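Here chain A shows up in two complexes: once beside chain B, once beside chain C.
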Partner chain A sequence: MSDTTDSPTMAQDELADKPLRARIKENPRPALLWFSGVVILILLELGRVLGAIGTIGSAIRFGLSGLATIPNWFGGNVSDALEGTDETLAVLGGALVADTAAIVMLFALASVLAWFVLPWRLIDRIGFESTRRIESIVERILLTLVLVVGAALYAFTPVGTFINAEIAFAANLLDSLSSTIPSLTSRELIPNEGHRSPDGGWEGTFLGLSPAWAWAIRTTVVFVYALICLVWAWKGYNVYRDHYREADWTPRDDTIRRFRGHYWGIFGLVVVFMFVVMAVWAPAISPVPIEHNVFSPYSHEFDYLGDDGEIETITHGAANLQSQSNGQNTVSPMTYDEYDRFAPLGTTPNGQDLLTNLAHGAQTSLIIGLTAIGLGALIAVILSLITAYYKGVADILTVLASDTIIAIPAFLLVMLLSVIFSQGNHPVAEPLDGGLLLALILAFAYWPGMWRAIRGPSLQVAEQEWVDAAKSYGQKPSAIMRKHMAPYIAGYIMIYASLLLGTVIIVVAALSFLGLGITSPTPEWGRIINDGRSYVSTSSWHVSTISGLMIVFVVTAFNALGDGIRDAMDPEADVGDDAATTGGGA
Partner chain B sequence: MSRWEYFLKRLLLSIPVLFLVITFLFIMLRLGPIDPVAARFGPEATGADVQRMRDRLGLDDPLWEQYLQFARDLLLFEGQSWVVQANRPVRAVIYDTAGPTLWLGFWAILLPLFIGLPLGFYAGLNPNSWGDYVASIGGIVWLAMPNFWLAVMLLAVLRQTDGGGWFGFDWYQLGPELRSITGTPNLDWYSISNVSVFDIVSFPMLTGMDWGAFAVDIKFILPPALVLGSASMAAELRIGRTAMLETINSNYVITAKAKGLKQRVIVWKHVFRNALIPLVPVITNEAFILIGGSVIVEEVFNISGLGRTFFLAVIQGDLPLAGSLLFMFTLVIIFLNILQDFLYTIIDPRVGYER
Partner chain C sequence: MSQTVTPDSDPVQENDDVMVEIRDLKTYYQGTGLFDRNPVKAVDGVSFDIHRGETLGLVGESGCGKTTLGRTLLQLETATAGEIRFNGTDVTTLSGDDLYEWRRNAQMVFQDPDSSLNDRMTIGEIIREPLDVHEWKTPRERKQHVRELLDAVGLQREHYFRYPHQFSGGQRQRIGIARTLALEPEFIVLDEPVSALDVSVQAEIINLLEDLQEEFDLTYLFIAHDLSVVRHICDRVAVMYLGHIMEIGPTEELFTDPANPYTHALLSAIPEPNPTSDKERIVLHGTPPNPRYPPSGCPFSTRCPARIRPDGFETLDDEIWTGIRILRELLRERRRAERSIRERIRGRLGYETRFGNMDETYQELFGELDVPAEVEDILQSVIEHASRHDEQCAIDELNDAFGSVCDGFVDSVEDETHKPELYTVSESGRKSYCHRHDETYREPDTVFEDRSNS
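Now for the complex of A and B:
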């Protein structure tokens, strides 16, 4: 950037609290420059970005529709229980309970909205004034009323159908756009699937290169693009720090400086970054689309050059079964099979491409890991704030709950719960072939550990003078927790989250190794290892060995990253060694 | 609050925890999404059978009666296995399968202690040497290796040596001969008979040892124990190193050096004992790792112990057996937590509930 020198003086002049928007308005040039870079980066991958938005949208829709079934589930249970006594009573009771549950849920939503999201209050608009407590209760009730009216409109009038149709239309539009708009890393732009032509060259591949080279170029493009994105994000932070941050120095600067000198942590960051790139760009890194090769291999065909010099067609499924390079139904790493398909890491015992499986398996692990740890960390942080602030009964109850969950061996608990829910055909076991269920169970099993780990720091921060000051100044407890306690705890939870992510990856892999958790066809690293289990000492050694080494690498990297964050946050901190027993029992 | 009061509080706290665990298991197993009758019979059960089974299992009783019955079965281990060893009492199943698991667990605790700790202490005594780097990095990578993968790899390597592998090394022929490296250890090397003293008290005592069979069983259990102990080995190495480093840089060690004590005396008398304190939780925490890991290691090495029985019970929907085994593991962990608090109360006078 050109003008980094003039800003600190300006920042010093304006120590007054101004929103970021106003600060950008004053000096828009660096922000605009950075932002135009972001736009270019997004445009390069527009198709993929739109696809991702569509996926996230459908995930949110699934979650919302799941939540929407809860009231009826309560109601159904009650009306079942009452059925023996009186028919009308059963129907009435069920409806009553369902409505009550819905209203309670909306009230909870309203409370969250009033606390954290909405910048203004309804009661200010209607000019209602009373004591603080009554004001906040009235506010929540009003919000709930608004939500109830909205929900009723949605559920019982044509408005709902209209909205649904609009959403479906938008989703379709996104879908079709994402498949037509080209992106830099799409396999249409740099195709690697082709076949030998009778005159010796390659047909259908990028620039007529061999599939191996085409694949290598596409993978390189992916990693270079991802690296540029990372660099640009870092640049964006620097732009913010140099031009728009009000303080010249914050403790975070020191944390970052310490982390930059921590080579072990940087190693972890690099490997974790590569893992994330592999997961996010799994479709681009896979030599063959997973849809064709794994999910429905018998409904997709491709051409190859037959032995007699003719171009022939075969389904992926048949080719998978018949491709052999070493007599064991697998293809060794870095070789072609008889059907001109290139397998960078070889194939699995059932002939599927190993890298395709590994990349999409990384996606599975990452989604589960992030969901589980994110949810668990959220529970842990909220409970630690509440217990540290209020202590007393809340504290004792949480201690009891966490002690109970910790007393049950985590791996066995996860195993039992995942089998109970998947054998009981619970609807939550459907998404990702059990992935969502597993994430929820892991969050349930691991939040007590995280809560315990940050209990010390949160008790400490609750005793600080600034918290006392905020209390006597009359700030709301929720605001104190959010503004004055949570930032202090956030660092600690990051350390544990990073260390626990390794554990979660191992536990998920171990479960699918045992044939539980995530079932076929969603790829999972543990299942690949299980598939290759009996071939380790043969020429098909690569199946289990490469997948296992991937796990070792990624878990080591998450541990290293956790160590790095810990040392960077607080070199004197005596935390993290308890959680260092990563791999706990799997 | 004195430390004994704190200990007593922890002891009392374990009672509601136990009750909550039972309640949790009841909710999951009885009220969860699995229908017990379907789990027992499979989907194609006829109406009359289903009704008879519902009566037998007491599924139509009031909920609180079911709960009491459930809690009683768990606490006294009085349930019956449904599928895995059909209609056998849970207690008999546990009795039959506990032996191999205990044998495995014993070695899985012993091996790390004798490999991980010395390595960690060595690394701590020679910080920033090549040996330290090799041990530390090895420990970190060792920690990241999943048990199941390690087990698969180790089995493949050992199988490879059958009939002479690299350098003529043959695991099957080395020492006592093994025919297979997977399966359940026999554990029939001891004979126990009742010995009576003065015809008044009679108690069981070890009367005979078959040393050959003993050696075979040890050799047999070494690979699975090595895998099972891998995580604890790495943890002990890491924490042993830190503890040693911290102790060796503390003031009293410098004092000891200054007054001219020999290095050997310093290390063994002053450093070693104090470095052991932070290792207490590590060693008790091993129970967590061992219990979880035993499922996988026993499954891969085909040992029919408690872990594998639990695995079979879980996948075959044998709810009472799975519940009872999980409850037993929970009891072990609660007991170990109490033991750990107790040890802390005794060893380290600084630990207390002070804030």
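Now for the complex of A and C:
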């Protein structure tokens, strides 16, 4: 086992042995070049990036505070139940149950940390040694203890208040920074809201251009910027592949090559990309800020040139009443309303700007879709791994559970649950006006379908000899599932997830169309279609038509993308002539 | 032909250099149905030793349980009964950490090199995984060790970062062997390691395995159905049939002078390169019985060409015996099959059922033969019972007349548990599982000579 070989092969091996950081150090130029590009891209949009970080942070805080109420909820239920018998018993019992629930939750968190997150083990630090099973249990108990101590410090000592204050301070700082630091695509830099001046030009808009042009420029900048980001990410992958990857060929190379020749899939990718850009940059693409135009229209004013040649002021709410597209009165796409506000896609029946609604509606759909599919796919993958590996009772129970859920029509199930939770004013129904609730319900309703879809492949991979080989040298079941089974299922779940994402968007739109999904004022495509439904045959046809076409395009695109991924994953579909499966020899 | 025949109470003699002792090992697969009480008896009571440093070949037809036996030895299947003592410890009782620790001593090379390597991992990761699992030394030393293993199995060190896709079948099998060697095991089960490879590559892999055995002091259990490969590489051979070891002994001796009728039949199936050779092939009739319903008595009794015949029928024509054998299998089959109501009605109305017409069966089996009157009477009576769907009665009558010790009859009384014993048949300790080695019967060899001459 000596390292003193001096053959050239050996030197090359030594080079290849290094972790990524060391490999970059060897040859820093391409990486530095790429990273400086990333830095420039981030700096251009720094304000928006900081804002996004703040939003994600507050979402995490909301989730954590929701989880933190669970132990007390258990405890409260128990003490309520014991209320009638004995006062002290009720208090004690409630506290005991709440603490137990908290510890169980922390133990689960510790297990997840120990298995998937932490690269080192506590017991190695303290030098504890025993058999494998005991080591694993002790490790998790120790981690739980650490977490319990942390949680207790946070909950019962001034440390908690201090931390809260710190977090609030950081959040405020982020907020103020994101609003002061300029971004390339901010409406401060390229403003499109202005008014005609009495002498014929425009005031308050970008370079004195008309609002239409100012909006067009800002939207173009958004898409160009997003495209550059995408191209740069692709370039980053190429830099890694050409300069830093140790293997000169991986199976993924073939997948990408196949996808590049799949035009239907690329069409899907392009439309999905535009949809995502629209959702992420919704505030920049909207001609009017949604806060002003939709959420609180009567507390925001703007100037316009009155009929008598004087500059007058009006609230958005009042102006909206005169800009409705309801058959009698229409503000068509690409026109100005009476108050010289530019409406690229016209207005809604209640006078709001349609594009503002659609862009933020895309955001809603994307958040719900990603949450629902992400959660559902996670459940489906974990269950499929467990059932395929252990079979037997685990399998039967999962089949029963999934069959029970599938037996209820999905749409009916979603409607039932959403009515129960939203009528009960459950706190989960608050975020996004029921959007989060809908996402959770959809995840619950759609995991059985995904589990069914990947059940075959997971049973197949569980029968592979490499799984037996791993068992024969004593690999842990969790590691076998993660290393030897999950990568094969990942491809399949991606296909079904992208197909189902389209379905989720349709279901959410359909529910909102029926008035059950996301309530006003959070914008949602289905509700817009419903609002404009009765004007399709009038001059205000654009409301339902444009939103309907958007849904058709986006859902088709997700299906196309799913098709593309499936064909790219499947080596059987390979028609390429430059297959890289050669080069077995040295 | 002088064979010292001694019935052996302790089937395996003590040996100081024994590495694996297998005693009365049984592996049954329970059916998946709720009311399924008949398990598949893949390995049904097997006892033998594997000596340190030797290569023991395990041969037999497909489905005879040899792979299951190999997998049970490595605890990839749970043994139903019996013991596997590995250096003195019974590994069937190990679990948890003891099993994990033991696993590094015994490894397996798999049959299909396409399926035994995870093709999303690089070669380096694949070979390293056993070392990672057992936390062997430092990560740096592990990588170094992997490179040495690549050398040892005749691959290049640069292959570390390649993927299995980029290799041929023979190279992939080398990678599998390198992974097997990573933990420096003492004992390796080779499960048909070359049967999925081209003939030209087979020789390379076989030679590699022999070299590695010498270099690392390995003990092999070589599972195969290619007898010429077995003859080349193995020190001793065990012949398996329907979950039983039929014969086990030194390779050369077993190949040149087989004792068990099944070994005779198996060896006669090896093609003779000499076209003028007048070697008589022993053709086995039918297929091996369903391991869910093995025959009582000797497992090979349903197909054995040297089956012991009851007194009085010793001179009966071979073809008639074949007919009787097929008839009995048919009846056993019919006894197991359940008749649906529809079939009962069809039969009553005189239509064809899947059970067929017994008279036609008789015609097919015995129609062209010159059956002695005495035998014909019995057969007709049997057929009559069977036509009335009284299969049990038919089988009883057939067994009364033609059953022998091979079918589990001792003095014409059926004894389901009566099995042959493992007789030691030569100086070298070779053993064979056949009633014919008992002093009261003639040896299989002489029977074969007789029957082929008649």
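What we mean here is this: the second predicted complex is superposed on the first by the 546 of 586 C-alpha atoms of A that agree within 3 Å, B and C clash if a C-alpha of one lies under 4 Å from a C-alpha of the other, contacts with A are read in each partner's own complex, and residues count from 1 in each chain.
The definition used in the following text is that a residue touches a chain if its C-beta (ideal position, glycine included) is under 8 Å from a C-beta of that chain, and two chains touch if they have at least 3 such contacts.
Quick caveat, the model's predicted, so the values are computed rather than measured.
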Partner chain in contact with A:Asn559 - chain B first, chain C second, else both or neither: first
Per-residue touch tally on chain A - higher for chain B or for chain C: B
Chain B versus chain C as contact partner of A:Thr250, first or second or both or neither: second
Touched partner set for A:Gly376, first chain B, second chain C, both or neither: neither
Partner chain in contact with A:Gln423 - chain B first, chain C second, else both or neither: first
Partner chain in contact with A:Ala509 - chain B first, chain C second, else both or neither: first
Chain B versus chain C as contact partner of A:Gly361, first or second or both or neither: neither
Which of chain B and chain C A:Ala469 touches, first, second, both or neither: second
Chain B versus chain C as contact partner of A:Pro487, first or second or both or neither: second
Touching both chain C and chain B, counted on chain A across the two superposed complexes: 581-584, 586
In the complex with chain A, residue positions of chain C that touch it: 71, 74, 76, 96-97, 99-100, 103-104, 107-108, 110-112, 115-122, 129-130, 133-134, 137, 140-141, 143-145, 147-148, 156-163, 165-168, 171, 176, 179, 182-183
Residues of chain A that touch chain B when the two form their complex: 399-401, 403-404, 407-413, 415-417, 419-421, 423-426, 459, 502, 506, 509-510, 513-516, 526, 529, 533, 536-537, 544-545, 547-548, 551-553, 555-556, 559-560, 577-578, 580-586
Interfacial residue positions of chain A with respect to chain C in the complex: 1, 3, 9-10, 12-13, 16-17, 131-133, 246-251, 464-466, 468-476, 479, 483-484, 487-488, 581-584, 586
Interfacial residue positions of chain B with respect to chain A in the complex: 13-14, 16-17, 20-21, 24, 28-29, 32-35, 39, 140-141, 143-149, 152-153, 155-157, 159-160, 231-232, 235, 238-239, 242, 281-282, 285, 288-293, 295-296, 299, 310-311, 314-315, 317, 322, 326, 329-330, 333-334, 337, 355
